[in-house]
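Which chain is which? They are A, B, C and D, in the order written, and residues in each are numbered from 1.
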Amino acid sequence: MINTVLQLCTKRESIPQLSVEERIDNFQEVEFGYAEEEMRKEASRCLQCEDPPCIEACPAHLDIKKYVFEAREGRYRDGLETILERLPFPATVGRVCPHPCEEACVRHTHFDPIANRAIKRFLADQFMDADWYPKIETKLEGKVAVVGSGPAGLAAAYYLAKMGYGVTIFEALPQVGGMLRMGIPSYRLPRKILDGEIDRVKNLGVEMKTNTRVESSDTLFKDGYQAILVATGAHQGIKLGIEGEDHPKVMECIDFLRDIALGKTVKLGDRVVVIGGGNAAIDSARTALRLGSKEVTILYRRTRAEMPADAEEVEEAIKEGVKIEFLAAPKKVFSKNGAVALENIRMKLGAPDASGRPRPQPIEGSEFKVDVDSVIAAIGQAPKAPEQFNIEIGRFGNIIVAEGDTFATSKEGIFAAGDAVSGPRTVIEAVAAGLKAADSIDRYCKTKR
Amino acid sequence: MDIEEKEIGFSTVPFGPQHPASGHFHALLKVEGEMVHELEPHPGYLHRGFEKLMEYRVHPQNCALVDRADVLDPFSCELGYTNAIEKIAGLEIPERGRYIRIIMAELGRILSHMTWIGVLSMVLGFDSANKIAWGDREKILRLNEIATGGRLYPCYLCVGGVRRDISQEFVDETSKALDYLEGQLSFYDYFVFKNETFVMRTEKVGRMSAKEAIDLGATGPNLRACGIDYDIRKDEPYEVYPKVSFNVITRDEGDAYARSLCRRYEIAESISIVRQLLNNLPDGAFRVELSPVWAAPEGESYFCLESARGEKCFHVVSDGSPCPYRVKIRAPSFLHTLSEFPYLAKGSTIADIPAIYWSLDSCPADMDR
Amino acid sequence: MSIFYLIVFPGFIFFFFFSLLCEYIDRKVTARLQSRVGPPFYQPWADFIKLMSKESLVPKMADRKRFMAIPIIGVTAVVTAFIYIPLWSAESPFPFTGDIVVVIYLLSLPTVLLFLAGWHSTNVFGTIGATRAITQLFGYEVPFLLALLSPALVAGIWSFSGILNYQVEHTWFIAYLPLAFIVAIISLVGKLERTPFDIPHAAHEIAGGPVAEYSGPSLAMIHLMVNMELFAGSALVAALFLGGFDYIGIIPGFAGAIVGFIVFLIKTLIVLFILICIKSAFARIKIDQLVNMSLKWLAPMAVIQLLIVVGLKFAGIL
Amino acid sequence: MRKMGYLSDKFSRTFTPFGILRNLFRKPMTLQFPYETLPPLEGYRGRHALDLEKCAGCFICSMICPNKAIWPVEFKGRKYPQVHLGKCCWCQLCEEYCPNKAIKLTPHSMMVTMDKESAILGLGEEGFVPRHQ
């Protein structure tokens, strides 16, 4: 049927948020989801394309057209079921996903794209504590070990358990969730939601051993595990590479966010400088604001257009009072009787480098000094290579995986997925990788039997 | 035709809708021999209901639709509609966009006057002038093709500026075409406007004094031919007209011949205006990017502009949705055909009716909208 | 032999083809004057055949027989008029004194028939067109007759052969009677209802006037009649004022007749060219202006011309 | 004196129109249309052409069309937009707002058809591919 031009030219329903004053000093959730009636209106804006670009753009190829249509019809349960086929924890992804599907939506250029993430989140929130979640289909006697409980590991465990394998997850840190818990602050992803979704994986009979580092793959094989999935993620922060970097006040953003997540108290002082432009930098800046520091500035080498962070996140940060210095990079760190001084240099954009973004060149003699209380470096993460499995490791510490979707590493029976393979990517890509790894492990186990 | 009229000896001659001279405008002439006693207009044959259609369309669609309202001078409709909406929203158009709009509006005026020369001479039986005038009109249509991609219906304006930039090729082509037209104007002088039979057919035909013209609501060349120099481009300047110097043409006889000369010199004025604009055309942005989702804020505006036929005004009421709530177009031809024409036709002969009708340059499409 | 004259050579067949050729020349040259390319040469024939294949409608109120008869009478009138015009020698195939009067009368018959056609078609436009045709008849008939009177007066005889022989001996009448030539041309335009004076079938006011109701073969006949009248009229003026078949030098026998015939056609085309220029240079004027002009300007000029001729004849120069 | 001016004015007015004779010696302005045509400009808004791969089937073109000249039609198991050339007003809004530039107005303007059906741009190879190219 042909929608009228009025339906095409309706603006997007605005997503309700906490005002800046209420959220500045606490870790309450910033964005709460759509009300039902608003969500129905937003879902009815979808044009139901014949071959939807949003499905191709989504790394997990969720059937967005189907679940938005079901949301519009009011059949929320069917909508959630179509999501659960390819995504085990919709509530989490519904809050933190950088929604590539909305960039690919046909309405993106002129007509305000559909808020797929908010619709997915609404569907997930409806049935947070429902009990009809899918159970194990058929019990198989195989056993699979998953090292690392990040989104990739959890997703793979979920699907393997659903297929009937006995799955145990080994987690080095005291709590399960990997980057979901450590990297993402609770104002974006409340812990209650995360725990609810992880319990859903537990209900499938997945055993989770925390505080246990896996020493070597042979011990696991001896314990009767048929296959091992390495999903250790990318927790290794990249060093700034400038003098005076090892000053105690200069922290790594991953360690800073992990300490906050684990409940330790970190003293930052009033003036905080965050170096970097990704989501991690924005999160650490906003967390610093919530911890009480007055003046938080972000230094970023390039301009706003090239910032890898989400556009909405940057806007929220600016709304909350974070100042962003573009075209500036740290040069030297001075420590003057306890206080930290940071010497930065102005940059200008040159020819595009390997990543296609213009390469910043320092402008001679444009140094300027800034006195700060603490510095957080958030210029990127890299995967820490798990040597104990002696599998082939790439140049940046990422695990080399065979071509195609087998996710098999150099050693037979050991698979790898998530950030550990691809480097720091989005949550949804890790989940997609976990899903594919689960299928290839299933195929592997069937062939071995 | 009721019965008693027959006794008085009037016969009614239809100046019908399918008539070659009337162009879908129907009027009943009460005729006694050759003398026209009274003319009873019957408009409505070309009423397509634009004002209602526009209430269900977003602004970009309306810009493409509205230039069908006035068939012979489509640009003035688009200019009127877009300016009315911009007036409500208080939108600022980049300088280059303004210049391009007025260049195309003036070219539209030249186009409309060339068409008028063609049709008037066709109606007076002057076949060769019609063919030559419509031959020269092709030059302007070719310019439209180069600039906007469409010939008569440019669909070129949008709220916030123009949809395409004009290229250097267009600028050269325009100056060439304008030089050619200027040469042709001197040819028209001695071939059409100083032609004995043309003068015989138009002099002292459809004469109205200044006071009558005002009472009848005449605007544009018809009013200026009666000696009143009322030109909206001068009195209430809009867009870039303050930056352009041109003079308002007035004659004082007020008959068909005076109206013809008014329009002939207006072509010369328009040519000079376009030249001035082309010489100092600023660079830079030509459009404010607005998506169809954009909605004009609540409010209404009344924007008048000088179209080829006279004062054309757009009264647009917006209720904050992407579609206008109500659009009223004040079309100059409405008054030309329904108030001036019956008044002037009283007492003239049948042969004068088409001459008066087309000397008022009233376009039936513009009248009925 | 006379059957051949009647049917083939100066008769219907030749006249039919050549008048359609005249229409082609008329349309082509007007097009070129209006800087258009103009129709291909077979256009008039194509129009004629197309119209002949169409159905001929007759208005309910009109009398069918008379409505259909008018165009045919018109065509016969013009063809018989053409027979008497001498083409290749002083004598036309059926010479007799006074044949100019017959030709003039037969050439003015079409206008009367147009009036009848308009009246019979009971259409509003038809009646207006018919009345206009008659008023136009008065307008141009008087000057036309006066203009043709002066050559007959100079030659002293009312017959083509007399006038042509006179022109062969002396120079063409255009040299003697320039005023009469001008009046003849202008009133010929009135007679043929061409653009400055095509008021009866003014396409834009009364949609075709008397011929509004005609369609199919009868309309084809009317167009044929108009074309034939165009050719016959310009042949008449060429014969009377430009010396018909006369050319410098004598070529005896049959060849001379052919050359004479060709020279005559060329002169007719010259007159036709003058008519075309007038048609493409002027707009249509109103009926009262026409009658005004002809009685105020054309008739006095023709009378002045007659007085001059009488004066010269009396003084014995001519 | 006015009389003389009047007369000379009338005299000049009757003979200057013959200046049109100069057109006899000039090239006519008109072109013999089907055989000689003006070169089409590349920006000209003529017949539509649809790139079947790029089209996402969102039908924004049919919604934005002021005359509702575009509507979906079944073709190779999927719905594609179909344009009715009789209703289209050549405003190029469909091309401007098509998200992945699937529908375009080509400068091809020979759209004379003898039958009504071919005025509706059907979908087959012949449909959206301009006939004379």
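Just so it is clear, contacts are C-beta pairs under 8 Å (C-beta built on N, C-alpha and C of every residue); 3 or more make two chains touch, one makes a residue touch a chain.
None of the values given here were measured: they were computed from a predicted structure.
Shared contact partners of chain A and chain C comprise B, D. By count of C-beta pairs in contact, B-D exceeds the other of the chain pairs A-D and B-D. Averaging Cα coordinates per chain and for the whole protein, the chain whose average falls nearest the overall one is D. Computed from the mean C-alpha positions, the centre of chain A lies at a distance of 53 Å from the centre of chain D.
Distance from the chain B centre to the chain D centre is 23 Å, each centre being the mean of its Cα atoms. Taking each chain's centre as the mean of its C-alpha atoms, chain B lies 44 Å from chain C.
Residues of chain D in contact with two or more other chains: 17, 20, 23, 29-30, 64, 97. Looking at chain C, residues 33-36, 280-282 sit in touch with two or more other chains. Multi-chain contact residues of chain A, defined as those touching 2 or more other chains: 5, 8, 109-111.
Contacting chain pairs in the structure are A-B, A-D, B-C, B-D, C-D.
Here chain B touches chain C in the complex through residues 11-14, 19-21, 31, 33-34, 121-129, 131-132, 135, 195-198, 200-201, 349-354, going by the rule given at the top.
If you check the complex, the residues on chain B that touch chain D are 57-58, 60-62, 64-65, 68, 128, 132, 135, 138, 142, 145-146, 149-150, 153, 155, 163-164, 187, 190-191, 194-196, 199, 292. Interface of chain D with chain A (complex): residues 55-60, 62-64, 68, 71-72, 78-80, 97, 99-100.
Contact residues on chain D toward chain B in their complex (touch as defined above): 10, 12-14, 16-17, 19-20, 23, 29-30, 38, 41, 43-45, 64-67, 89-93, 96-97, 105. Partner chain C is touched in their complex by these residues of chain D: 17-18, 20-21, 23-24, 26, 28-30, 32.
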